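Questions regarding the structure given below will be posed in turn.
Just so it is clear, A, B, C, D and E label the chains in written order, and each chain counts residues from 1 on its own.
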Amino acid sequence: MISGADSAVTRSDKALILAYDHGLEHGPIDFEDVPASADPETVFDVATHDAVTAFAVGKGLAEAYYPSYEDDVTLLAKLNGTSNMWMGEPDSAVNWSVENAADLGAEAIGFTHYGGSNNEVEMAEEFRDAQEAARDHDMGVVMWSYPRGQGLKNDTSASTIAYASRLGLELGADITKIKYPGSADAMQWACDVAGNTKIVMSGGSKTSDREFLETVETAMSAGASGLAVGRNVFQRENPTELLDGLEQVIFEDKTADEALGVMSSAESRADTTSD
Amino acid sequence: MISGADSAVTRSDKALILAYDHGLEHGPIDFEDVPASADPETVFDVATHDAVTAFAVGKGLAEAYYPSYEDDVTLLAKLNGTSNMWMGEPDSAVNWSVENAADLGAEAIGFTHYGGSNNEVEMAEEFRDAQEAARDHDMGVVMWSYPRGQGLKNDTSASTIAYASRLGLELGADITKIKYPGSADAMQWACDVAGNTKIVMSGGSKTSDREFLETVETAMSAGASGLAVGRNVFQRENPTELLDGLEQVIFEDKTADEALGVMSSAESRADTTSD
Amino acid sequence: MISGADSAVTRSDKALILAYDHGLEHGPIDFEDVPASADPETVFDVATHDAVTAFAVGKGLAEAYYPSYEDDVTLLAKLNGTSNMWMGEPDSAVNWSVENAADLGAEAIGFTHYGGSNNEVEMAEEFRDAQEAARDHDMGVVMWSYPRGQGLKNDTSASTIAYASRLGLELGADITKIKYPGSADAMQWACDVAGNTKIVMSGGSKTSDREFLETVETAMSAGASGLAVGRNVFQRENPTELLDGLEQVIFEDKTADEALGVMSSAESRADTTSD
Amino acid sequence: MISGADSAVTRSDKALILAYDHGLEHGPIDFEDVPASADPETVFDVATHDAVTAFAVGKGLAEAYYPSYEDDVTLLAKLNGTSNMWMGEPDSAVNWSVENAADLGAEAIGFTHYGGSNNEVEMAEEFRDAQEAARDHDMGVVMWSYPRGQGLKNDTSASTIAYASRLGLELGADITKIKYPGSADAMQWACDVAGNTKIVMSGGSKTSDREFLETVETAMSAGASGLAVGRNVFQRENPTELLDGLEQVIFEDKTADEALGVMSSAESRADTTSD
Amino acid sequence: MISGADSAVTRSDKALILAYDHGLEHGPIDFEDVPASADPETVFDVATHDAVTAFAVGKGLAEAYYPSYEDDVTLLAKLNGTSNMWMGEPDSAVNWSVENAADLGAEAIGFTHYGGSNNEVEMAEEFRDAQEAARDHDMGVVMWSYPRGQGLKNDTSASTIAYASRLGLELGADITKIKYPGSADAMQWACDVAGNTKIVMSGGSKTSDREFLETVETAMSAGASGLAVGRNVFQRENPTELLDGLEQVIFEDKTADEALGVMSSAESRADTTSD
């Protein structure tokens, strides 16, 4: 973690990372509920929302679409990832070099690390190369820290998530993305051991607006610096509305209740306007 | 996918790729029905047909024959491939460096990716290197996206083929070659999730003219940008005739019926002439 | 071992290395008894104690905190390490390049070598690269020599620890960190076979002040050049006090009894002062 | 295959390669019948025979003996090979870099490829590097194409040998060395699918002069461009005599009968002279 | 083998290599009988004996002690080696780069090759790199050729040792170190198949002076060029005396009897002097 290295992908030291690597990690099945979300333009458009501090995509999407959005979107280059057709121990191919990502205009790199996988050693060494190359290009470093693999019974236990958080600090991330460990106390432990690395909570599967915003509120109170979200945004008919709400909770210190109020009044105005 | 990077191997945004890597992938057994097809000159001659937008061969064939055809054939360097004597999990040796391919005059690279193989991670990283080197040489990138390997029961299911299509987009191909998934709907899904990557259908085993052209017509209507074909062309006594028909369907928006009409009238004229 | 190469991390040829890689190797669980020890600033502050000749941390901690301590702390770059979630044969990812460590101001490198592990050959070759790169940057080399792995029943037997000590000499360390083998005789054997490499004893799990200081006294008498310590210092409410005692034993040739006397009188004075 | 790249190791488009890598591949046991053949000078002397277009040896023999023969022998650098003490799946260590071979004066490289081995992918990639480096040094490329390994029941079936032949063409050899497939028809198939790559038959185990020459005659009639021979030459008391005969069959389009006539008359003259 | 490349480590074409890598390969247990032999200075002093043409040690010992002996000892850099705590198939870590060895003043490299090990292919390729780098630095090359591993029942049979000897020639060594195969005939076979590579016999476990000198005499008569010895020298109270004897047998063509005579008269003189 280098002081200020994350500033390109944060706003007032908070981060709302929109992640869109599902086509690689899960396949088109993730787009079925909202077919328009299969079209990268739709999601790049969502990423222009003011609340989004960085948009995490792989090389192919960046090459094909980022040139049209470079003034309105901050590119976070998700360097590694693998299809879920693969049956082996958790691993992740490095699909993108840092040099190429820098040429395409990325401000930061994203890298998945599976602590506890039989491939942990190799992944850590790939992370080393990417992290040091990112420093050479003055890019920020975000680690997706997801303990997973042989011998890990419950990868969302409080101690596992705290360990995941600490690994980001120890290995040189500026921001570490962890799963929500299920309680405010566990989240606070994870934030406490992260030193001055920023912790962002991962959005996870789709849930209701209220439940989601309340979890984010809890995480922020526990010391998190924001959120990395994918399906909970782009699997909605109106992603902008939820981003309005998240903006309140993450950047304006509002409660979930307050955010929902903002969202519904905005919706009312929108309804009025569109009538 | 870089805007326009595929233009060297397309015509009016459509592609008809003639592939001739069967001697490596299947061995000489593939040439037995039409023994002349074992002679690379025969197939290079076929590749001079106007409808063929690119000819995909390996290094050895390109080195030995392309110099005599460089004015009439567009070279697509098929970088990886392996004999079918090999019994392991699906894998493909990288037999050709991008630098060497560029020196020999290739306009684009072709690369096989076996999603779901135990070698997927390694192959994706080899693709990364090849794709980025191709960009350095302003070459197009075509991915043969063929999910295959441990745990993949049916590699032509609609969701597998759609995933294959999406992987081309996610990993940085300009054109992705997929197997025909068996129905117009499934093909359309695969094309819908490909973003602005072009999808070409793979020709598969030899079949009748009508059946083949109808499948191509269906694929084009479903959103495909063309075809990559091998045995269905060079295992015929008169490959030119079929290419005439394919030209109608792919580049002239004709139906299979219309194309068959063009083919038979050309044949009649040819018969007349040769009498 | 190059004559004088260790001087940056020794004082009068003695070493007291404070190690703080537990967040990586063991996870946050190691900080639970003294939660403040999870905060790197707390431990960096401890490392400013005069008795500490070098502070061993990984890249992430060095990047984030060392810039604020570079005038008061000597940085020993612990290059490799792995989480204990990993279930495989003992191995250690190389998380930090020597070049990067040199740029950040490290005076020496630290490297773990697991003799007897199935990964011994690979680790030795990684050590070779790191050791030779360290020489190119005029950095000292400290080896954590910990025989461990398949076939090693008791990795603290006298002969195993003597072997560990010798490996540091044979492979090119300036200082070799070994476990205390349980007796003065065994420790002397380990020191005798180390040639002019310096041997430092590893601190191990937390124990009482007296027991700990007596072990250090024994080790020093047996020929050791000092101590590498972590939990025995930072898992105390008053780490400075113990460092005062260790300074007596390691640098002033005092007995454990004498050191305890110094510690208690200092405490009395502190008590008086704070009253 | 590059037009003319093989000319350094052929004469009038025919090749007689003397191979002497048996000390590496089989060990000294291969020299027992004719102990003098263990001495490289003996075999280098044989290689000065006019009929020998290239002499294939490994790095050690080339370094030690070639400097004395560089005016009279054409060096074919056999880059890979492994002792038969090794019990694993067929594999071959790359014992010699192309750069070093070029420095020592080699005109071409020789490389073994085991199609069907579990190591096929790795060997093909090693061949790629060697083949492309050879092109950079304007050297010819000879592939020892020997399908072998898990799942290959009969590695001299007609289709396997034809496949072996085709692999040389596909992967970029100028000359491909294959085993004799047992019949003129099978040999012709192998030659037919080789495109403009030259096919040389491998000499195999020692046999009678007549049987050997008749097989070579058959191979030449079937389209082969020559022979690569080892034991059938150097395991004879008078290797020169057999080379005289092979010269007739390979370069002078003579039958085995005619060649045997030449050999016996030469022998008669030699007998007369020595009386 | 390059003509004269071994001259730095031979005298009148004979070699007496003192090897001292036992601390790495066997551990300190090898020094127990003569504890002083654990101190590298003791053995470096022995290496200054005129009969010793080269001293083989690893990087650590060379770095730490060779600077004090560079006028009196010829350094043979033993590049690879591994502890015997390791339980896997025979393998040997490359602990030292040729570049570093050349910088430290080594005149030749030493490299272990385990023919027949599952790691043979990898070791041969590591040897290739080291051998070629040594040539770039005008260094001699000594191969420790020790067939060992899966499937090798008796690694000192005559044919195995002859094979070991031949491998040194084939792969590019100047001098090959082999085990004594048990008889003069077997040793002669090994020497006969070595071409102009020099063969040195390995000293093996400690034995009596007479038995040892007689074996060396036999080996020299069979065609060996000398001896590589470790424990048989440094595990004696008076290593100099035995070196005096070996000098007679190796460099002065004396018998073991004559050498023992020289040794005892020297001892008598020494006794007289010290009285």
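As a working rule, a contact is a pair of C-beta atoms (placed from the backbone, for glycine too) under 8 Å apart; a residue touches a chain by one contact, two chains touch by 3 or more.
Every value quoted in this text rests on a predicted model; they were computed, and no experiment measured them.
Visitor: Would you mind working out whether subunit C and subunit E touch using mostly the same residue numbers, over half shared, or mostly different ones?
Guide: At the contact between subunit C and subunit E, which are copies of one sequence, the residues are largely different (under half shared).
Visitor: Please compute the angle of the rotation superposing subunit B on subunit C (C-alpha atoms), rounded to a multiple of 5 degrees.
Guide: 145
Visitor: List the centre-to-centre spacing of subunit C and subunit D in whole Å, with centres computed as mean CA coordinates.
Guide: The answer is 60 Å.
Visitor: Which whole number of Å gives the spacing of the CA centres of subunit D and subunit E?
Guide: 37
Visitor: Going by the touch rule set out above, which residues of subunit B reach two or more other chains?
Guide: none
Visitor: Follow the ring of contacts from subunit D, passing to subunit E on the first step, and record the chains in turn.
Guide: D, E, C, A, B
Visitor: In the complex of these two chains, what residues of subunit D are touching subunit E?
Guide: Against subunit E, subunit D makes touches at 21, 23-24, 27-29, 31, 35, 38-40, 58-61, 63-65, 67, 81-83, 85-88, 91-97, 100.
Visitor: For subunit E, which residues count as touching subunit D in their complex?
Guide: 1-3, 115-118, 120-122, 124-125, 127-128, 131-132, 135, 147, 149-152, 159-160, 162-163, 165-173, 189, 192-193, 195-197
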